[in-house]
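Going in written order, the chains are labelled A, B and C, and every chain counts its residues from 1.
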Amino acid sequence: MTQHQTAPAPVAAAPSAAHAAPAPLLSAHRVNVFYGPRQALKDVSLSVAQASITALVGPSGSGKTSLLTCWNRLTDLIPSCRVTGSIHFANLDILSPHTDVLQLRRRVGMIFQKPNPFPFSIRQNLACPLREHGVTDPHLIDARLESALRQVGLWKEVSDRLETAALSLSGGQQQRLCIARALILSPEVLLMDEPCSALDPISSGWVEDLIVELRQQYTIVIVTHNLAQARRIADHVALFWVQHGTGQLIEHGPTAQLFDHPGHVLTAAYINGLRG
Amino acid sequence: MFMTWLPLITLSPSHRDHLLRWLLWGCAGVTGGVLVCILVFLILEAMPALHQPGWHRFFTDASWHPAEGAYALWPMLAGTLLSTVGALLLAVPLGIGTAVFCYWYAPAWLAVPYQRFLELLAGIPSVVFGFWGLVTLVPLINQWKPPGSSLLAGMIILTVMILPTTSLLSHASLAQVSTESLCAAAALGFGRWGTLRHVVIPSCRSGLFTAGLLAAGRALGETMAVLMVCGNVVQMPSSLFDPIRTLTANMALEMTYAVGLHRSALFVSGLVLLLLVISLVGSATWISRTPRHG
Amino acid sequence: MVATWGAALVLLVFFGLLLGDLLRHGLAGLSWEFFTSPPRHAGREGGIAPILVSTGLILGVCMLTALPFGLGTAVLLAEWTHHRSRTGALVRRSLDTLAGVPSIVFGLFGNAFFCVTLGLGFSIVAGGLTLACMVLPILIRSAEEGLRAVPHDYRLAAAALGLSRATTVRRLLIPAAIPALLAGFILGLGRAMAETAALIFTSGYVDRMPTSLWDSGRALSIHIYDLSMNVPGGDARAYSSALVLIALLLAINAGSMWVGHRLASKRILAA
């Protein structure tokens, strides 16, 4: 993640590189997620290589978001939610009760479907999480704020009005601000839950371009309903399906392989169904 | 290049969270404990009187002369109950009437200001009502039938005091009637009055009843207004125009100088009042929580 | 139809009479001296300066005590206990009941606990603390509702950024719930200011200028009561005092509406 390559990585080149990748950065092994008595996710095993984009696709209710929120333990916020199995981030056992959850969430950023900036000024939105994680020097905060806003291409648009309310920005700008807010903590992983689906097509395009740029430095897991988008940006695709009311992982593999030679009837049906 | 600047181990926030959690539980313990404290202190202070003269004396003694060992609380209990019931008989129909007016008949430009007006009235201090009753209402009744300070004056003042609450609560329960039932009523060709009688009122009967109970709780506990207009003679009234003394007025008048068993007897009346109000509020919440039908 | 118009009209006329009476008799007595001079001849003459000071001090003690406990409980109820939690329900139930307890009973309790057991005597502190117990349910209910109304998205976003719950509450939830908190504060303040019965035997009757919080002090509402009941010829001053009390309450209410409106339309900018 310290490398700064400027050449855009060709999507088609990803599979072989990913296969050669050594230890995965994120992994889930035989994970089950329950909401009260209902099982939302059954026996899912999946690993994500460093500096790649993995897309989780599948119909609604197939547990994609549930898996996503396991990786930053946002599942803790749902009172009746229970997770079993083993989930790791590098060498860190995420489900262990001794894990420092706040530190984990600092290292694993998350972007939500609906842009959710705080009802503060733009500056406060970015400064508040930084201060929480121990950065109190105002010069340092300003510097990091500018770099994060530049990273998401928002600096030129808002540099003269950092004190205005973040909620006065347009939807696309708000979403980029949320991405900047996650980036400012220099996370290693970005979890994205349908980051484009609540945006208009133009903003959606910007955010998608941004994601492709970010893959140089971050490991990205993205939930999307847009198969075309998954095909455009992802190195790996994992298909989830609802079987007997429970979400399951049907197939996962390099993007090209999954789209061109689906190994499972459901995968083929899903891809073709959406095509035709 | 900014990436390495983040300290890897920040000040452990989970520790702070634990502290906060305990602090908040402390707050909740204190606030939740207030009610328990009130009960405990009333019982402790009431104990001597409940022991030594015994609770039956409050009902069998002939008069209230605590200095001479006569502890008749019953005329005052009767005064409290009579004034409350009287006020409810006036306030509940009026309150529901104004609520229906607001919700159903009033033109839009009037309904909202009227609602605000009611909220404002609910906040007028009881001492002001009492004062006004004393200088205006009591002389008025006095002209008609002396002495003026009477059960009737207390009832009227209490009515005015609980009316805004009754009306606001009734309005809230009227507003909960579903649009579907209103549409169904309209489809059956009911007029406004018919809809009101056959659909709206039956479907929010429990809400209106709750409003009545809560109003009763307020009327029972009201002190200043009744103290100022009721005349405060300890007796069983024989007509609406007789002066009475309520339990609350008795406490307010005598607490400042009462000692010993006298003080304890006052706490007994406070305890009785508290239990009455708790059971009223309790049944109100119980009723509003049971699923309504019909 | 006629009946409901009638009911509404009765109420309107009644309160028209009340307010008209107060204005007619009370307005004449209002002057600069009335606000700045102490009462003389048991209040028949002079003003209400010490009474205003006592009222302010009692309210100050009341709100300063009730606010931290109320806010703490509201945060706990809204953020740490979910709807079905049993302890949460217990605290909530006890607060609902507390809200229905008659003010005179608060007075008895305040007298027994603060004045006698804690040895505070008839004092401004004892009165303020008694009122604090009384306004707690009001503060907590509106604060809890306000906190619950903050969109859940904010909590998720804060958690995903690794903000601790302490920071989330302090920097995000409380600022976002300010209008509701303020509304509850004002409501409680109004209730405390209107209160008489709970103060008669906790803060006392003394109409001198208080020199400390441990002095007895007479609240405005008690002043009205005393003038009209115990002081023959005190009616004129009682009218004026009642007018002042009502004006204060109205001002507080109007202020809360205005502030709430402004805050709601501007949103909170600084955390």
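The rule we apply is simple: a residue touches a chain if its C-beta (ideal position, glycine included) is under 8 Å from a C-beta of that chain, and two chains touch if they have at least 3 such contacts.
These numbers come from a predicted model, not from an experiment.
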Nearest-to-centre chain - CA centroid comparison = C
Would you mind checking which chain's C-alpha centre is most distant from the centre of chain A?
-> B
Measure off the straight-line distance from the CA centroid of chain A to the CA centroid of chain C, and report it in whole Å.
-> 49
Please compute the C-alpha centroid of chain B, do the same for chain C, then give the distance between them in whole Å.
-> 17
Inter-chain centre distance, chain A versus chain B - centres from mean C-alpha coordinates, in Å | 55
Using the touch rule from the top of the page, what residues of chain C touch 2 or more other chains?
-> 164, 167
What parts of chain B, by residue number, touch at least two of the other chains?
-> 13-14
Which chain A residues sit where two or more other chains touch them?
-> 101-103, 106, 132-133, 185
In the complex, go through chain C and note every residue touching chain B.
-> 1, 3-8, 10-12, 14-15, 17-18, 21-22, 68-73, 75-77, 80, 90-91, 93-109, 111-113, 117, 133, 136, 140, 164-167, 169, 190-191, 193-197, 200-201, 205, 221-222, 224-225, 228-229, 235, 238-239, 242, 245-246, 249-250, 253
Please name which positions on chain B make contact with chain C in the complex.
-> 13-14, 16-17, 19-21, 23-28, 30-32, 34-38, 41-42, 44-45, 93-94, 97-98, 100-102, 104-106, 114, 117-118, 120-121, 123-132, 134-136, 160, 163, 167, 192-193, 214, 217, 220-224, 227-228, 248, 251-252, 255-256, 266-267, 270, 273-274, 277-278, 280-282, 285
Residues of chain A touching chain C in the complex = 72, 74, 76-77, 79, 101-106, 109-110, 112, 114, 116-121, 124, 128-129, 132-133, 163, 165, 167, 178, 181-182, 185
Of all residues in chain C, those that touch chain A in their complex = 82, 151, 153-164, 167, 171-172, 175-176, 267-271
